[in-house]
């Protein structure tokens, strides 16, 4: 028989010595779990003795509790009256008003571009979600440059060509897709909207767009692909855990869904998290100052930025991945193709191509500017590859992400040799603006802009695109040109690799 | 006998099943015409059952109704009292006040430059007109860069030369003109002022300025050239229609006015419209949201941006024009010289020159930044031609447009080899600021600035101008320099063409 | 016997048919003079029948009336009561308050740089004076770039050198001066302060600074040099008049003061005035609109910008000066050395050097950005000369002006080969801020900044300065590099000159 | 027996003829000392007859009075009641409130970056202190560019490398330090916080950070190193005095503390102070205008900027240091290694390397932009050395300072060959934000950012860093490339040195 607890009793267990929380109506004793919480114990202690469901839910996929707590940690159920009261409390007139405003219907057709969508989403999602999505490393130079660099590339439209028809379909890793566009593995979609990653998946299905599911998705992979047609293309992002067994278990789970997941995406550009200050600042908005005694040599020092969502998600990620050890380990646990994400130099692209055919694609990415600030945009790396090792393009597929705001940005990347272009924040903001329908509007806008661009360039299909359609002169003057002061005047030596 | 309808009766026919509108006092049944309206049926349905004259008039030249509706669609006349009442209604004190303010006399002599004129026009024309004229593709980078690029070119004035006299006359296609300036084929002049395209023509006559009439003029070509001296130079812009018969009929009409129209301008840079968001947004300002059921897979998707003026004008334009098929077809239907508008690469300029003498000139243009955003400014294309195929200048005339704000801008383009320089928005804003007199003031300002610039450079005539008078170093570092990553290090191969 | 007029009678003569004005208590009939007024008749007609002294005085040096009017035009004197009344009228409380504020003592020592001084002067001088001084051509790109270009040049300070002493003296045309600084020929100093050009002269005397008197000074040359020590160096700027006799008379007058005037400065960069819109706009602030009938084909068209101070001053200036004709003519009328002002290309500097020894110096100048907008800054021309014809520096002296705000700007120009650096607006703003004392403060600031810069560079004297102390890399990438598209890839051919 | 003075009596001695001040309760007659006060007599005269302790204390280390005044200048003690009253006066409610606000506890852990810390410090320190710390030469271009130049360098992160561990320790002059970071010799720390230089020292001890003590520290060297472990590394900055005996005495004092002071830092980039206007302006905020009679040819002219803290500190500094004379003199008075600070050209770095082993390191520095505005950032000099004389790196250590805001800035300098990177203002602002704890937070932030950067680049230690991790292309296009116009096209000749 399930034991029923009164709120008063739960409230007493609000210390590190005895820490209870209520989740979905159940009462849990998480005292023992505290030290191993990826997000740190502090964030749980703030909610100790209380109902933590609202904080917990959007950032933990189903099964998380079961995986991490022993069965006996579940003590019983909270008296339902507690929940009713809490709900009533929340319904102050002001709160109701705010909720109404946030939930007012959005006229999606009046949102004409991705900035419009981001603006609406910013109003509708929580501050926490916005801080997590919007934030980037340090001063956000890379995030901003990711977009600006596309504006520095000029188009070269050819005229007097038959453009009455256009075909935007292409193939990725041999699979047909409707657009050379994919959804990057951005975490925590349910922070934006209850439709979550599954909402994105269903929108993507309508446009034939590939979706790369985040290792930190807020829904399980099973939930996300539920009901999807096998022709719809998914990939699974893997952050290898220090505890390799956990990763192996996950690979097994993905292997079992091969009809949906066509590759494993190994993320390399974020072995530790960047310093996303906007995200990290959120913790100081919500909570009281901790006393300075406990602060002395305390949490802040051991875990810089602790408290930001990004920081929590990275807890436990392995920092010891290498070409020589990790790829063979992966081969033991999956025969899905490997896509390496986060390459930022031609040297690494060159190395990756050597690992074909296990490695079938690389994603040039600076993690949306969220890892190392002043890291180069993918366009730089594309131009480096063209300059130093163009043979890479013929050995593996090159995908890129970061900074995409317009169809012209997508087309420029394709002209430089990219096979697909990813959007991360844009999909989440679409979700924030209108759930699945908001994501559809995002795709619709991009498809329209890509189509207009392809045709006004004088091309008829994705295959027609190439470097003759763009002028990259301004950007080429900024890319890496060899090490300063070297006698070889910038010549790049492969011998070093 | 003409039938007289009461307003109440007309008002009943306000659905897609039976749609009547009143135009110039006549009642029309446009139900059948709805699906073929270039501007989409939605915009008509908003006005169904009402007097649509005010919306209709400034964007449709005379004859449009006759051309598109069957005679029996004209049902009769509206009871004139209806109109009187409507007019009375419109004369509320506030409306009268607003009208007075808009119509207050402008002291044109106090407007010293083109920005002054645009500022005044912006206050006086309707929001819809402003959105249509001002708008450009996507984020308006090309529109802004079109002007900025001129500022990056420095002048090199020579001194101690006799500049007591100057001569700004030149010839275009062998015809003498007073200034190396022309009016670009900008549509819908009556949106700015009732003087319309004819007002521009009469102002142009006073300065010997050539006028390129838009295919989408709000007056008929006959109206525009009415009373013009044969020495005044006009060109006719052709957007080839999917239904070639319509275009052939128009060519026939223009051929009949050869004493005025000295060439056909074939526009190639806008086979489909760019995404002019300012223009497109207007539809959401004016009307109620459509219900989402009809929106589902509805208008917005099939016709992105539907509702903007630009979008409406492009409906029916052919996208299958090619060098091999279209020029011969033109030769069958006119022996007027052909001017190709919208070239943006030296490759296309090189190709065009091969089609001399049928093709007598090209216009380097990115459509005022209104087609593809981040398309290159005409100055880039001029510099490309100088670099890769300067022989083009001796085979055909090269005209340019886009971004002209100052006489120095005009002179710089001429120094780079342009034979004439077009202004589009500037003429329309002149019209908006003061009708024909406002256009005259625009021309007067530009002529004064061109004259001052020519003389302070130490030149005496347009023929004296050349590249030694300018320093294009900053811009040359930005122009196309071959495809990135090519082994030939930027060498351009004609073999590809 | 002198006739006395009543105000009422004078007031009747307020038309172009009979136009009287009062100046310094005398009544003049200027009807006949109207068409030949350099500033146009309109400006006089506005004051017709009234006392015009306040408008007239600061812009006309003594003797102007005598030179331009026949003796019989002086009709008599105004009844002195009129003047008393007018003065009383002017002393409304508000006017008195405003005057007090404007005349409040300024703490000059608290003004630390030239921007501080300009800010104070802007508050104290009339709007008209400010518009005239501050204005520049078109959009003021050249004016702004004149200064910015100095910021793009970096200094290269050398260390561990004895800099306990420094010597800022130098020679110009063989004459010793205290600083490598001079006052440019800026017109109308009395608009800023009654001390006028003589106040500048007396301030300059304290610092050993050369002064180039403007052809349009608001005091006579005799007044300006009155009491000056012969060791003080002056130059006289000549705008050659269409009526050469006037210029010859002026040269004769200057020749007679050879002990003060050491050269004639022939200005070449402003054969006609630039379009200084700020200045031109002033006319529309002050006066009522003219009726449009008289405007038709009227003043505005014939004299673009008529009404601005700059425009008035240029009336009558010759536009037919040439190397071949003007220099011999000058030789006939003066044996003073000639300094050519307004060169903006290395080609012209090269040509000028051929005319040594009659031509002893050139001034690289774009007229403070007041002539042709987007004309190059003097720094560009200095770099062009260094690149294409460095021998010029050994044949003639090269002076520069434009954009000087800091001692470091001065030193950079000297490092590039300039022998002297001129300031124009800065001296006038000094005058506006505090009369002669304000000019002294301006010089004091600049001397201090130059001294600090010279010593922190590791130099001890002006002669020590040279290009090794500066890094001009950024600017060198912007200077003229030959004509675009020429086969010789930018090689400059002297044969063309 | 000590004489007791009443306030009234002291107040009478408030002129240059008899000038008394109260300091720490003692009454001094400073009449004789007035002319030799480094800060000028004016600043003392303002406080004549008053208690000057508050103004005096934070800018004079203990012992200053004893060193500069004769024993008989100390007249006696002030009646303690005077002080009590003064203190009471100061405790107005407003003052108390202000003090409370300034002293409110700061939550240091919520300050996430150096800008956050500067913002808090700016609120807490006096305006005078802020003006002194924040100010830089002229228009602060160099100060701003010092930081911006780091943003123009892009990182090149390598992936798939084991970064689970990192080691940030390095050696400087053979001594082990915990971070490649040091505190630059910034003066007057007690202006920010009573913890002063000793507070910085104690914070530095916790991180193994080297500290370069300023010649103008507000505490004595003995106070600063008091209690420090010999393993903690200090350097002493020397501004050589015109009166060499004073400097020799100081060297003797430092020699005696060799267990702490591991080198002498000879500052060369500020033989005279730059024009720090923000600092200089402070004098005009505090005091009444001096009468203009005394101003005539007075203080302001003889000592430009007199009154600013910077200006005062430089009084008496020798300007005649040279390679040939000063290094031998130093060798006579100390056998500590010499570090030369303030080199800004590769030429001087090359020369310095010739003086090894007496000279063991150079500091590339433009004095935080405080000396000569538009002087080059240290990054430029690093790149110059790499280009023209890379052997310097192997002969002496190269340290840099200026513009550091982020860990990525530090890492970039290290990649270019710097052995250590200095922060000046950042340490002072840390002190201002929270005394010693604020400095610790500053170091903690930087250490965290450096660690994240090193690891995300794929490096494991400081020794791993090198130019292949950065893209300096944009900056290399701006560095010195030889003298403009030289025939050798930029080749650098060592023969000149």
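Letters A, B, C and D mark the chains as written, and numbering starts fresh at 1 in each.
In the analysis below, contacts are C-beta pairs under 8 Å (C-beta built on N, C-alpha and C of every residue); 3 or more make two chains touch, one makes a residue touch a chain.
Note that the coordinates shown come from a computational prediction; the quantities given were computed from them, not determined experimentally.
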(Q) Which chains sit in contact with both members of the pair subunit A and subunit D? (A) none
Q: Superimpose the Cα trace of subunit A on the Cα trace of subunit B, which carries the same sequence, then give the rotation angle to the nearest 5°.
A: 90
Q) Does the subunit C and subunit D pair touch with the same residues on each side or with different residues, judged by whether over half of the numbers are shared? A) different
Q: Name the chain whose C-alpha centroid is most distant from the C-alpha centroid of subunit A.
A: C
**Q.** Rounded Å distance between subunit B and subunit C, as computed from the means of their C-alpha atoms
**A.** 44
(Q) Taking the mean of the CA coordinates per chain, how far is subunit A from subunit C in Å? (A) 63
(Q) Using the touch definition from the top, which residues of subunit C touch two or more other chains? (A) 477
Q | Graph class of chain-chain contacts, one of line, ring, star, complete, other | A | ring
Q) Can you name every pair of chains that touch? A) A-B, A-D, B-C, C-D
Q: Quick one: which bits of subunit C touch subunit D in the complex? Just the residue numbers, please.
A: 107, 109-110, 112-113, 150-151, 153-164, 383, 386-387, 390, 406, 408, 416, 444, 448-449, 452-453, 455-457, 466-468, 471-474, 476-477
**Q.** Of all residues in subunit A, those that touch subunit D in their complex
**A.** 138-139, 141, 268-269, 271-272, 274-275, 277, 280-281, 284, 289-290, 295, 300-301, 304-305, 318-323, 326, 340, 342-345, 347-348, 351, 366, 371-376, 380, 477-481, 483-486, 496
